[in-house]
Each structure stands twice: as structure tokens, then as C-alpha cells.
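Each of the next two complexes has subunit A plus one more chain, namely subunit B in the first and subunit C in the second.
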Partner chain A sequence: MDSTGPMGQVLSSRVAPLLENFLQGSVLDTSKDVLIHRLRGLCDNAENQPEIFHDHEIVFIMQGNPNQQPMYFHVRHSLIHPESWHVRYLGVAEVGDKNKLTLIRHCVDAGASSNVVDFLNEMGFKIDYEFIAKGYFFHKGRMKVTVSKLYKILQPGSTDQVEPLSQSHLVELSVVAPRVQEQIGEDMKNFAEQLKPLVLLEKIDHKRLQQSLESR
Partner chain B sequence: MGVVCVYPYPVPEEKSGQQVVDTIQKQLELLGAHKSGNFFVDCESYQSNLQTATQQRLLHLFHNSEQPATCFSVLDNGMCLVSDLLFEVLILKLAEKKSGKDSYYQQRKGFKVESKGQRYELGDFIIKVGSVIVASNFRGILIEVEYSPCVIPSECWNLMKEFIQSFMGNIAENPPAHIKSKMDTVYTPEDTIQQYLEHFNNFRKATSASVPATPNR
Partner chain C sequence: MASASVNVSVEAVQEHKIQEVTLDGQEIYIPPLSMSENLAKLAHKIDFYKDESEDKGKPTSEGEKEVEEEASKAAVQPSLWPWDNIRNKLKAALTEMSVLLDVLNITKEKRYMLLDHVSQDAPEAKSAIQLMAKKKGLQSAAGVLLAGAERLKKSQQEMGTRPQNEFHIELLKLRQNWRLKKVGKTILGDLSYKSAGSRFWQGGSFEVTKNTNIANGEGDNMASTRSSLEVVIPTELEGSAFVQVEVKTVEGSMNLTSAILRMPHGLGPYPSDAHWQTKLEAAQNVLFCKELFSQLAREAVQLKSFVPYIVVGNQIISNVFPNVQLSIVLCHSTGKKDKKSQHPGKVEHNHVLEHSLHQLLREVHFKSLNMSVPHPVTATIGVTKRRRMAGPEAISRRELLEMTESETLLEQIIKQTRHAVLRLRTMKVIDAVAAKFPDPQICAHWSCLNSSLESNVRVIITSQGYEAMRPTWQSLYLEIGVNDIKVVTRERRRIILSFEEKEIEDLLLWQISQHHIAICQSLARLLSWQYISHSSATGVGEMEDFATASSVLLVSPNSDKVIAVRSGPTTGLHVHMKSDAKDIDADLASILEAKWYNLTGTFKEIDLNRIDGRNFATKLELIMASVTRKR
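For the complex of A and B:
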């Protein structure tokens, strides 16, 4: 393996090459269509029907002794294109200070062959949780917007028997870039402004969210 | 992508590896093959570091210059995951020691094996003459021959055999062991990796078993 290419640099510096900037929000099911309409107008390819997705996501965890940090891998399997499997590593989202306009986390994406679930099991991973995400996908330049409805799987292994997790849709705006760039935050902030008041896209502090859930 | 056969080529004691490589290459050029760049197949190995698991796992991570955007991960039970190159970063994440925490997988030092050399094309055949290097020492020669128009081994084996024997002699009397079991199935790049894994393991064993070279090789 040559150590001069971009891959070589990635490997020698031992860091994930990509950072995901993202904002999250939610919209009630009753207002979803208005939001989709607005997004169709704002995003690229307005003349086409919005792209849809229907994915089964399985989150794997590797856990060892207390001196090993748990590691999560997200496997996505498209139910529309069943031959497509995808593994994703996501780091902890950093909220940062006020100057950071978006949440930032490490993210590594890789397409994989269909035996990825068995392979991860053999590697020592265990299934942590799974869900179904169904929704719409838009892009504007390098910005990606997804509006997705999350479903609980009632019977493990059966992706047909599902139940909605809530009465709203999750809205995510994200940009994946090789390094921190302030311009991205600006662009995303401006775009989020245009969606107000239909949906408020914000830096959701995941840690605080978890704490408030636990204290409930 | 067609059917690929990989064979080790013996290096006589009185000759150096480079001399043998030169002889094979000269022979190929006489047959009319033309050079078409360099190639490499490499393999790094990772050992699992999980106390909860019943068994230690060994994971081999392969690259093949013929599929430059892909990496192949093979577990010691033979299971092979074919994925984008970035999957390697995920493995490195598992092998990373962060803020005093232990890693889940550990790279095996001095275990890197690589076969690299000249790539030739001759009509529908692609021939690769690889020098095998284990921990930066020359260990032997692997010759890879690919017949590109066909993906079912049983349909083209006789043709391949005749071609391989024309410059390598009787080494190719039988198909490689890995292919033998799946002569009538569609050949995939994963099968090439499985063949290399078998040979690489043999070279590693030979390296750790005998320091003085055995005379009958």
C-alpha cells in the first residue's frame, strides 16, 4: 500500500477522514406534506418527484471489558434495493461552543457485501437495536436533507410488522466534508432559516437529551 | 474479471528470486506478452482482543490492485466481506487505542505479506509475476494467470492448463485447491483473495518454521 495517496494519509494519521456537520428537527405527520412541498421548491431537481428510501437499520455494538470503549457500527439495508448494504461508523456528536453553527461528528461510510451482518457477528459484534426508516431524500449542492419516519420492529427479523415510533417525522440536514469548514455551517444555517417556521433545525445536544430521558 | 489461478513457482537453491523472475518474464515476452504496469496484492492481519468472546479471531485485510476501490476482509473461519476501501478505516477504528482505552483488535506486527511485480497481457490472458515479501524479506514467487472472457472455471480450465503449462511446466497439473471445490460456480474476485490467503499462510508458516532454507524447495 503506498503511503502517499489520500488513503495513505488517512491510514498514517489514523483518523476518520470525514466529518459530518448536521442539524436535526422534527415535524408532525400532519404538516409533513407542507414541508415536503417546501423542500421540493428549495432543493435541486425540483422538477422530479422527491427520492424515497425505505431502510432497515441495525446498530451493532462491540463491548468488552470496562477498559474498552463500546464501539457502534450502523448497518443500513435498503428494502427498495435489497442488494445494497452499507456500514457506517458515527462518532459522538460534538456540540461545541456558540461559534459552531452545527453539530459535528466523525463519520465513515462504506458499502459492503450482503454478508455484512453475519460478518460483524463473527467479528464479535452484537445487535444493539434496530429500526425501519422510511422517507424522502433531497439535496441542494452538497447539503443533504432527509425527512424520515421511524418505525419500531415488532418481531425481530420481520421488517413488515412495524409500528410507528412517534407521530412525527425526523428531519436531518447534513454535509459530509473532509475537515471543519466554517462556510458549511453558514450555508446550513441559512438553509435552516428558510425552513422556519415549518421545522426548527437545531443543534440537539444528544447527551442532554439522554440525561433528561433517564431522569424521567 | 474472469477466472484466476494462482500457483507458487519454485525457486531453486542455486538461483536468486530475481533471476527466476527474470527468466519467467523473458519467457512470457517471447510468447508475445506485453507489459501492462505493476500489480500488488497485500495482506495485513489483526488479532481480536475480546475477553467475552469464546474464541480469538484473526482478521486478514486484503487489497488487490486489480480492484483498487475495494478491500477484502477475511476471517479465520473463511468468511469474506467485500467492501469499499473505507471499511479499512472502520477496522483501524477497532484497532485504535484511545485515551488509555484498550482496542478490540490488534495489528499483528511483522505479519504483513505482499506479492508484487509485473503485470502482463497476452490476448485474453493476464499474467502476473509476483515476488512474495513477508515482513520485508523475499520469500518466494507466486504466478497469477487470469483468463478474462469466462467466469465458470470448468469451462476454461483445460485451456488455462494448456497455457499455464506452456511457460510454467507441470506445476499446473490440477486446478488450485480452492477452485477445485467450485468448478461449476461463477468465479468472483473474492475467490482470488482466498487463493492468495492460502499461499500467504503457507509462506508465513515456512518463515516461522524454518530459518535455513529447505534444500528440496
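For the complex of A and C:
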């Protein structure tokens, strides 16, 4: 990955960045139950009920120079366990590489205390957008699968009044590893094959999506 | 009259012949013939075949000519008539066809004319025919249903009489218990613990085959137990296995090579035509035991500890205490006859520790599979919540290191063994001392809340009959841990004992001696004897091997008798008594008080064996009561 820009500074300061391999897809609300059943059978702990999560994510943006790319920080905390806050910096994933079976992006993770929002505000970050994600969590070995429904917050500040963003659930498959390993991509691809007719997990080009949104 | 002309019209009177007169007086006229009809009528009157000349005779030649002309005219005219008729009829037909075509065209257009159904009268219901038709229909329907029912009944009967051990039914039952998958033409199954979290390198896959030779020999019992489904287990998992755990005392501390390999004789070979379920379960057990033993062996080799572990073949030997050896043996009997004869020695297999080993391995499996769910989900998986919150909560380095420490299987089982040994020894010692000394009663109350690494016992020493005197109770609280025993005495003194059995015994003996002194004190209070002195660590007299002796001096209410009691753990219990001197001058007797007589005199020992009494307390009470004189 690139050694300039924010990642370069991270790497040079000997913070351990990790690489996240991920695949994304979506499934309609009506077919969600079938997918949940399938995932229960494929993943570990088939005999337990699937774990539920309910998270609130706030994305902060810091625009340094006007010509530079802005920096985004993702701050996420669980509404079930309100004391656990998590800050993430995500790099940009390169799509063009045909050899790689999954999208790979840098990520820097850190746990945070509950006053991280004030801290970022003081630092100069501005809130870009926020949303609520609610869904199910599965894991198989080190692979993490989440089926989440995204909600838009109607009134900023209150997390109760929400409305769903779409009629579908977002399915994400991700593995976090310290370095690039072929085996991870193979495993993820095989897992995605198992879910094939229900949901299509593939590499999604975020840049193209953004461009198509801007042009609209 | 000439100017006004009146139109006069002359018409023929329309008088037509009356066809009929209806009942209500209406006259129906015969409609007058139209032109064409008139013509046709007239034409019909002409008889074309009849010659006119025949009627009239032979006229003159002119007349004949005229007649012939007339006849020919007459002949010509009638010759035109038939064609005219036909021509007219054809014309009429053409007209009608044109009209019909026009009508059809117009109705096809549907703008000015439409074709509509003609309402027909409902045909009258002929009930007899309808009944017949319905009956026939019902009969055919009934026939179809009956045929279907017959088929179902037949298949049902076939299911019932089919032997229960049919291949597909057996396969269904197999699938309910084990994971199967079809690879090409073969059906393979998995009996390993991989889906439960095991990471063992050895896989357990078995093959399912059809049993083609079901011997229908004599004896229905044999045929019924033989199923049509066979499982082929890999050779290394054949037979049955278990992990034997033995704790024994071995003379000589490091004599580890003296462990004898003992083959299990409780484990016999199972018949080869056993049911597939038992075969598969046995194979799974073998795999589990193999994994357990390999894990223990690996840890034994890698672990650095003060006490070396010896791994020999399928045995792991280690010393948990000096003279106490723990041996873990993987016993796997494949069912084939052993060439060497089995050692008939008695094997003391510790079932509790074997069960603990199984539990520990299952815990390892469980931990590898069940990770705590990260909230929020983007946090790292695989670490505990405490570790995740370590950053934000700013825990110290020491705590972090503590979190990373984990115990290996071997360490855990050795700890459990140590505790088991200590507990057993303590029990034995307490019981032995209680049996040896019936005099004060020793009562041990073991706590029912204990774990595999910790137990408690409260030992209470009382004298029978004198339990109401609470101060005489000597109660000890022992907390048995892994390596040592912590003791809290009645005076809240903490003592730590090691694993030696003698230390517990000594402690109990000492407590018994203390109890005797406590008895003396309480009895003195009861019987109003006075308590002169008490020393819990008497420096005089015979020396004890351990601890110290205690002594107490009591004087009677009349101050004429003094009892001295000395009690020590090894020297035993001695009671001496001093009476007042009898050789006092009679002159002095009147001026002196009785207590001054006590200053002189010798102590004489009382032989407690010759005093009646169940225990020391009774005996002492008897002594004290008998020497007390009334004032």
C-alpha cells in the first residue's frame, strides 16, 4: 500500500497497522431469515442463538489543506454496552488488482473511552455523518460475518428515533490480519461461494459508487 | 264547374278472397299475387308437352301455318319460360347472397349490427337420464379413489414388514447423529471434534458401506442385530482407549523409571459386528484420548519446571510431592491378542482425575470456538472484553501480563493431583488421631463447598459430656490448598503446614494438650476452685519434641488442696496433688489460717488410670469433688 500520506506516518511511527480483507454484499429484508439460517449452519457455535449487536457510528472528517484528501475517523460504540467505544481509521481499498480475491485496506483500530467525541471535536474534527447499525454477528475461525440493517437518525442526538435507510441488509465478511496472506483470500472466497445463491459477496468499488452518487 | 276539377280516382276495389275468418271476426285475405307470382302461375298453367294442333284438328295450311306459327310461337314462348324462371331464380339467389354478404360485412364491423345469441328455451330436464349420468360419474370417481387407497395400504404394509435394518433407514439414523457427506460414490463421515473446537492434526473420517452379506443363519436374534450398514474406521482409531491416571507413593524420591507399564484389563476388545454407533463412539473416544495425551506429552516436553517430567512411550510420569508419583498412561487396546501376558497387578485408577482431564481438554476446545462478541462489532475478535477495554481503562502492565498468563493442561492436572493427595492425607491423619485418642473427641466437619484446588475442614476437640462449656472447645480451621495447609487456631493464630503428614498429627496432639488445660480451667470455675497460675509454655520439666507443654495450678475452696496439671503433646498428661501438711504444731494451728499450710507439702502424682471416669474431664471432676471438704 502507499507509504505516503497518513498511512506513511502511521507506519513510520511504529504503530501497528493492520490489513482488513473484506467482501460486501446485500440481501433483501424478506430473504434475511434464510441467510441467517444458512450462516448459523456454516459458522461456529451453531447451537447458540445468533449474537445481536446494536451500534451507533459517527464519522468525523478533518479537512486539512483544501487540495489534500480529507481524513475520516470512524467512531463506533455499542448501544447495548454503552461504555465500549472504538475508533477506526480506514484506508482506501485498491480494486483493480485481479490477483487479490478480496478488497484489502489498511485499518488502524483503537479502543477509546466515552469522551472520545469531545476529544475529536476539540481536535478540530467535524461530524460528517452518523448512522445506527443493528443486526447479527457470526464468526468462523478468524472470519467475521455481520448482517446489519442501517438506520438513519432523524433527530441528531437521540438514538431512538430512527428510520431504515433501505429495504435490505448489508452483509460484510472481513478478516483483520497483520500482513497480506493468500490463504485469507482463498478462505474468504470459499466461504462466499457457500452463500452464493442467497447473497453475492464481492469486491465493491467504493470510488465508482461515490462518483455515481456525485454525478446524480 | 269547369274550374274546380275534382280528382276522381278510379281504383279497383280491393276485393280479395278471404282465406279465413279468425275467431275474433278478423278476416284474413289471401294476399294478391305479385307480378312474378302471377307470371309463374300462368306459366304453370301452360302444358308445354301438349300440342295445340292435336286439339283443333288439321286446319288449312294457312290456318296451319298460323296455327303452326301460333303453335311455334306458343312453342317458342314456353321455351323461354323455363330459362326465364331459372334466370329469375338465380337472380333472386344472387340478390339474397349479396344481401347476406352485406349483412355479414356490417355485422363484422360491429358498428351498426351485432350478432347476438338467440335465447333458447332450456331443454326440459330428463331426470332419469341425469340420474344415470351422475351415478356413472360417481362410480368412476369412487373407482379412482379406491385404487389410490389400495396403493397406499400396500406401501404402508410393505413399510411395516420391511426389516428395520434396511440400508436407507439406517443411513437416516446415522445422519441424525454424525456428519456425513458424499464424495463421488462413497459416503464419508467425520467423527473428530473439529466442529467442537479441536485443533488436532489427526482427522477422523470414516466410510459408510452397505453390508451385502447378511447371514440369514439360524437364530433370529443374530439376524435382527446385524444391520445392513457398515462403517469402516481408520486403523489407527480401532479398538478402544482410555487415559489411566494413577497416583501412588513410591519409595525413593526420583525413582521414576520404576513405573511399570500396566495394560488395562478392564478394557476388552469389542466384537467386530457391534452396532455402528458403538463402533463410532469408541473410535471417537480413541481420538479424544489420543489428543489429550499428545497435548499432555507436548507440554511435558516443553514445560520448564523444577520437577522434571518423564515421557516414555505412552506414559507421562512426574513427582507431585517427594515420594508421590503421578503417572498418566494412554491405554489403547486394538483388540488383537497381546503376545505378552498382561501384568496382573492392581491398578488404582483415579477416576476423578481422569474425568478432570477430559473436562480440561473440553474447556480448551470450547475456548477456541467461543470468543466473546465484540461490541461494537468492528473491534477485534478473539480477545476477551477485558483485554479490549484494557486500553481505554488504562490498566497497568502488571495486570496485562497477568491476563496473558495461562496454565497448561499438565500444570492444571498436577495442581489438582497435589490437592487431592493433600486432602486425602489430611483426612487420613485426622481419622487416625481420632481413633488413637478416644479421650477428647475429635470431630472433623468438612465443608461441602469445595473445588478441585481447595477444601476446608473444621476440627473440633471436645470432651464428651462437657460440650456445654464452650471455652473448652478447641476448634481448628484448616484450609487445604495445592501445596500447603493453612491453619487458624482458636486464638486466631495462623500456621502454615507443609505436605508432611507428621505436621498435622503434631498439630492435633498439641491441640489436645491445650484442650486438657482448658478443661481444668473450666472445671475450676465450675467447682469454685481457685485458679492460681497458668502457663501455656512451661519452661520447666521434661522437654517436648515439638511445641510446648502447658501447666495450670488450682487450689480448692478451702485452700487445703492444690492440684497441678501439666499437659504436653509428647509428654502426656500428668496430674499432681498436694494435701496440706499434717505435721504442723498444734500450737501454731490455732493462730495460723489454713492457707498458710499450703506453703509446705509435696506434690504426689495421681494415677489417672485408676480413677473412675470416662475421660479426663470426668476424672478430674471426680478428684476435685472428692477432695473438696465442706466448710
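Keep in mind that, in the parts below, the second predicted complex is superposed on the first by the 197 of 216 C-alpha atoms of A that agree within 3 Å, B and C clash if a C-alpha of one lies under 4 Å from a C-alpha of the other, contacts with A are read in each partner's own complex, and residues count from 1 in each chain.
Quick note on the criterion: a contact is a pair of C-beta atoms (placed from the backbone, for glycine too) under 8 Å apart; a residue touches a chain by one contact, two chains touch by 3 or more.
All of these numbers come straight from a predicted model, not from anything done at the bench.
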Quiz item: When the two structures are overlaid on chain A, which partner does A:186 contact: first (subunit B), second (subunit C), both, or neither?
Solution: neither
Self-check item: Which superposed partner A:44 touches (first subunit B, second subunit C, both, neither)
Solution: second
Exercise. Based on the superposed arrangement, let me know which partner A:78 touches: subunit B (first), subunit C (second), both, or neither?
Key: second
Practice problem: Have a look at where A:176 lands relative to subunit B and subunit C in the superposition and call it first, second, both or neither. | Solution: second
Self-check item: Contacts of A:33 with subunit B and subunit C, given as first, second, both or neither
Solution: neither
Quiz item: In the superposed arrangement, does A:55 touch subunit B (first), subunit C (second), both or neither?
Solution: second
Exercise. Using the superposition on chain A described above, determine whether A:122 touches subunit B (first), subunit C (second), both, or neither.
Key: first
Quiz item: Counting only touches as set out at the top, which of subunit B and subunit C does A:146 meet: first, second, both, neither?
Solution: second
Quiz item: Of the partners subunit B and subunit C, which touch A:137 in the superposed model: first, second, both, neither?
Solution: second
Quiz prompt | Overlap of subunit C and subunit B interfaces on subunit A (superposed complexes) | solution = 109-113
Quiz prompt | Residues on subunit C engaged by subunit A in the complex (per definition of touch) | solution = 197, 369-371, 373-382, 385, 388-393
Practice problem: Mind listing the subunit B positions that touch subunit A in their complex? | Solution: 42, 48-53, 57, 59, 63, 73, 75, 77, 79-90, 92-94, 96, 98, 100-104
Quiz prompt | Sites on subunit A touched by subunit B in the complex | solution = 1, 7, 10-11, 14, 16-17, 62-65, 67-69, 71, 73, 87, 89, 108-113, 115-116, 118-119, 122-124
Quiz item: Okay, in this complex, where on subunit A does subunit C touch?
Solution: 44-45, 51, 53, 55, 57, 74, 76-78, 80-81, 83-86, 88, 109-113, 133, 137, 139, 142, 144, 146, 148, 176
